[in-house]
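Okay, so chain A shows up in both of these, paired with chain B first and chain C after.
This part shows the complex of A and B:
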C-alpha cells in the first residue's frame, strides 16, 4: 500500500527514473545480440564502414542467402573446391542435425526422468531416497570429465560419427537435472487425488496418464526446455564424437568458418543469428515456465 | 484405457515402480556412472587414444606428472582468478538487476525476459559475437571507447594475457548473471510485503530496508547460488576455449583446457584423466557443501 502522503509527482519521477535505468541496462545487455543482428543484415560493403552503424543504411539478406544456398554457390560445375575459403555449403545439414539431436535427446530425457521421478515419489523400494541425490551429483559433473570416457563407450557401441552418439551424450548431461527437477515437482503434487482414483478402481497406468501427467505438465515443460538448451548449445561432445563435416551440429560446424584465411564476419553473424532464433522463439513461448521451473529446481529442490 | 485389455497382466504396484525406474537406472549406469568410473581408472593408466587396448597401469605417475607441471599450477591459478572474479561480478550485478526487475512497473515482464535471455544463448554464438565486437582493429568496442575518449590506442582484447582474461570473464558474466537473477528474483517474490510496510512505518529508509530485510532473506539462496556457480565456473571449458583457446600462449588455461589439451594435443589421456580426477575432488567438496546447506534449509523449514 502506498502512503497517501507521498506525492504523486515524486512517484512519477521515480518511475521515469527507473524506466531510464531499465532501458539503459537492457540496451547494454542486449547490445551484443543487436550488433550481430545488425551486422548480419548489412551488405558486405557496409560491415567494415566507419563509423559503424547500428541500423544498416541498406538492409540486405546477402549473408543469409549464402548460408542457405551456399552449396550451389560454392560447387559451380567446372570450378575446383577451395577449402581455404571456409564455404558454408553444409549449413543446412548442420541445422537439421542440431534439430534432430535436440529433439531426440529431449524426448528421451523427459520420458525417462518423468517415469523415474514418478516411481521414486510414489512407490517404496530400496534406494528411493538416495537416487535423486546421486542424480544431482551427476548433474554437477562437467562435460569435460565425461567426454573422453563417454567417447570410448560410443566406440564400443559402434556409434562414433553417428548422430545417436550425440543424442545419448546429451541425455547423459540433461537427464540428471531433469530427474532432479521432476522429482522435486512430483513431491509437490498431492497424492490424495491419485489415491481416490485408485480406490475408485482406475488402473495405475490410467491414473498416471490422466491425472498425474496433466498435473506434472509445468515440470515436464521446464525439463524439456532445459534438455533442449543443453543439446542445442553443446560444442564439446560434437567436437569429439563426430568427425565428418556433414554430420556436425551447428555449434561445431560454424566454428569451421574461422578456418579460412579471411574471416567472413557477415556470414559468421548470420549464422549466430540463425542459431539463436530457435531459442528466442522457444523463450518467448515458455518464459514463464522457464523462470518457475529453474527457480524450483535450482534453488529449492 | 490401457492396461485394461486382457493381454497386459495386472502388475503389482512394486513391479510398476521398478518398471518405471529401470530406464533411468540403465541410462545413468551406462552413460553417467560408467564414464565417471572410467575417468578415474584412466587416471592410473597410460592411455593413448590412437592405440586402443594398450593401456598400461602406471600407478600414480599421471598425478606426479601434473603436480610437477608448472602449466598445471598456472592453469589452477588462472582458473581461480577467473572463477572468483566471475562469481563476484555475477553475484553483485545479479542481485542489483534482480532488485531492479522486482519493482512493480508496467511492462516489467518484457524487461525480465530480455535480461534473462543471455542465459540460453549458445556459448558458440557469444564467442563469435565477442570475437567480432572485441576485434582490435574493426570491432565496435574499441571504436566506441575511442569515440567517447576513454582510450587513445586500440586495446588488444584477445591477444594480451590480462585483457584476454578480462574478456573471458566478461563473456562468462554476460551469460550467467541471468542465472543469479532468476534465483534471486524467485526468492524476492516470496518475501512478504508486510515486512517492508512495517519497516516503512517505523521510518526505515530504502538502504535500511535492503540491509535489514532483503539481504537476510536472500542469504540462503545466495549461498546456494555462489556454491553452484563456483563449482561450474571452475570447471568450465567452452566459455574460454571458444574465445581464446586458452591463449594467448597459455594465459587463459584452466584445468578443463589443460585436461583437454593433454588428452587431444599431447594424446596423454591418462594425464588428462588425472586432471579430471582433481577437478572431481573439487566438485565433490562443493557438492557436499551444497547438500549441507540444502539439508540445513530443509530442516529449518520443517
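This part shows the complex of A and C:
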C-alpha cells in the first residue's frame, strides 16, 4: 500500500515537471508573438521604456490607428502637406494587395491542381503515370533560382509592377506541390464511388462536384492553406516584380518602416500583428481538415 | 427483356480479358458468372453495366444495342463488392440518390426509400452515415440503393465476399428471396462455387476469359463439360486419375495397379478410340465408397489423412505408386490413418475426359 502511494506521488511529480517544461518551451516560442502584440498596444513613448514592460502600463491603439487611418509619419506642422507620401498611408493598400494576390494565386492553384489530379487518376492517356513526378521535380527548384528568369518572362508579358506578376509567380511555386498533394489524395478515393454514381444516372460533371469534391475537401483545404502560406509570406517575388509603393503587398510594404538606422517599432509590430491574424484565424478554423488532408494524402499516396 | 451477349470481347492492350463470349440471360433469370480470380467475370459484368468499353462484339438489352449507351441510361443497378456507399451522405440519401438524379419528386423519393428500408429492416439506420454501420448493414444499404430504382437488371459483383461466414449464409438466402420477390433479372459474379450452386438458375463458368459451360447448377455438377468445370465445381474437388484405354472384357481404364470398367454412358464414345489411348477418369469424393479395413474389397489404398468436417470425414488415400485420392464418407465410419481400406468407385458416377483437350467424353 505504501509503495503504491509513493509511486502515485512520483507520477504526479513527474507529470508536474513535464508540464513545467512544456509551459516553458511554449512561452519561449510564443514570446516573440507576445512581445509584438504587447509593443503594438503601447504608445510610442513607452516602447523603449526602461525597464521594458511585457504588459503595457498604458494600453493604446495609437499604432493601429496610424495604420488604418494612414497617419503621416513625416508631416511637420508648418510645412506643406503632401498626401500619400508616408508609409502608413499605404498600409491598407498593402493589405488589400496581399489579399488579392493570395486569393488569386490560391484559387488558380487549387482549381488547376484539383482538375489535373482528377484527370491523372481517372482518365487513361499516355504520360499520366509520370507527370506528377515531373511536377514534383519542379517544386524542388528553390524560388530564388527562378526569380530572374521569371522576371524576364514578366517583362516580356508586360506584367512588371502588376499584381498579376505576383499571382502567376506564386502559382508557379505552389501549383506543383498542390498537384502532387491532390494526386496522392485522389488516388485514395475509390473509383467505385464514382461508378456507383454513374450507374445511378449522374453525369460525369455531377459526379465530380457532388461525390468527388466533398470527399476531396480535406486535400483541397490542405492545398489551399499551402498556397496561401506561399503567397502571403513571400518577400522575394514582390520585391523584384513590383516597383510602386501602392502596389506592394504587406511583406515588402512594412519594410518601409525601416528608415535607415531608425525603425518605427510601434508601426512595425502593429503591422506584424495584423499580418499574422488572418492566417492564424484561418488555421484555427481549418486545422482539423489540414491534418486530415496531409495525413490522408501521405498514407494513401 | 433478355440480355444477350454476342461474341463479346475485351482487350487491355495485348491482354485479352474476355474472349468471344456468347451468352443469353432470359428475363427474370438469376445467372451467376463463376470463375477463379482474374478470369474476366468482373470485366464482363462491368461491360454489361457500361463501365468498360466493349472491344469487340455486341451487348443487347432486348432488341436494343447498348454498347455505347451510358451506364446511367441502361436502367441497371449494381451492388459492388465494397458496397461503394457515398460516405458523406446518410443512409436515406444514399438510397435515394439515384431517384434524386432522375428528378423524382421529393415525396415520392421519401416514400420509396422508407418502403425499401422497411423491406431490408434498416428503418432505424436512415439517419446514420456509412461509417457508423456494420458490414452487413452496409451491404443492405447497397442493396437498397439498387432495389429502390426498380431497374430491369441487377448486377452484383461479389457482394458477399466481405462478410463473415455466418452472415454470408444468411445473406445468400436473403438475396435469393429478394430476387424471387422482385422478379428482376440478376447477373451475379462470384468465385465461390457454393454461392453459385445455391443461388443460381444458371451458371456461366468462365476461365481465362473463355466461357466453359453455361447451364443449370444440376447439369454443371452432374455433367461438367470439361476438366476445368469438373474440378472447379464441387467441394472437395473432383479426383482425376490418368489411365489408358483397354477394350478387353468391355471398355475400361487401365491404371497399372488396377482396372476400372467404364460406365455405359461413355461406351459409344470410347468404342472408336484406339487401345492404349490416354484418358482421364474423374470421380467425386462423394462417389467413392470405402470398405471395411478388416476385409477390404475393391482397390486397396492406404489412408494417410483423415479430416472431420462435422457430419462427414474427408479421407486422403494413396493407391498404387503415386495415385492420390480424396474420399468423403460419413463421420461415423471407423477409418484411421495408416489403415488399408478398399476403394470402390460408383461406376454410374464416373466422368471421362480427354487429356489433350480437357473435354468431357460422353454420349
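The working rule: the second predicted complex is superposed on the first by the 263 of 301 C-alpha atoms of A that agree within 3 Å, B and C clash if a C-alpha of one lies under 4 Å from a C-alpha of the other, contacts with A are read in each partner's own complex, and residues count from 1 in each chain.
Following the convention adopted for this analysis, a residue touches a chain if its C-beta (ideal position, glycine included) is under 8 Å from a C-beta of that chain, and two chains touch if they have at least 3 such contacts.
Keep in mind the model is a prediction, meaning the values are calculated, not measured.
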item: Chain C versus chain B on the shared chain A, clash or fit after superposition; value: fit
item: Touching partner for A:196 - first (chain B), second (chain C), both, neither; value: second
item: Which superposed partner A:21 touches (first chain B, second chain C, both, neither); value: first
item: Which of chain B and chain C A:214 touches, first, second, both or neither; value: second
item: Touched partner set for A:158, first chain B, second chain C, both or neither; value: neither
item: Chain B or chain C, by number of chain A residues touched; value: B
item: Partner chain(s) touched by A:206 [first = chain B, second = chain C, both, neither]; value: both
item: Which superposed partner A:188 touches (first chain B, second chain C, both, neither); value: neither
item: First (chain B), second (chain C), both or neither touched by A:175; value: first
item: Superposed arrangement (fit on chain A Cα atoms) - minimum chain B/chain C Cα distance in Å; value: 8
item: Chain C-contacting residues of chain A that also contact chain B; value: 203, 206
item: Contact footprint of chain C on chain A as seen in their complex; value: 190, 192-193, 195-203, 206, 211, 214-215
item: Residue numbers on chain A that touch chain B, as the complex places them; value: 1, 3, 15, 18-19, 21-22, 25-26, 29-30, 32-33, 35-36, 39, 48, 50-52, 108, 111-113, 115-116, 118-120, 122-125, 131, 133-138, 140-146, 148-150, 152-153, 155, 168-169, 171-172, 175-176, 179, 203-206, 209, 229, 232-233, 235-236, 250-251, 254-255, 265, 268-269, 271-272, 275-276, 279-280, 283-284, 287, 290-291, 294-296, 298-299, 301
item: Touching residues (chain side chain C, partner chain A) in the complex; value: 49-51, 70-73, 76-78, 80, 82, 84-88, 97-98, 101-102, 145, 149
item: Contact set on chain B toward chain A in their complex; value: 1-4, 10-11, 13-14, 16-21, 23-25, 27-28, 30-32, 34-36, 38-39, 42, 49, 52, 97, 100, 103, 105, 108-109, 111-118, 120-126, 128-130, 132-133, 138, 140, 143, 147, 174, 179, 182-183, 185-187, 197, 200, 221, 224-225, 228, 231-232, 235-238, 242, 256, 259-260, 263, 269, 272-273, 276, 279-280, 283-284, 286-287, 291, 294, 298
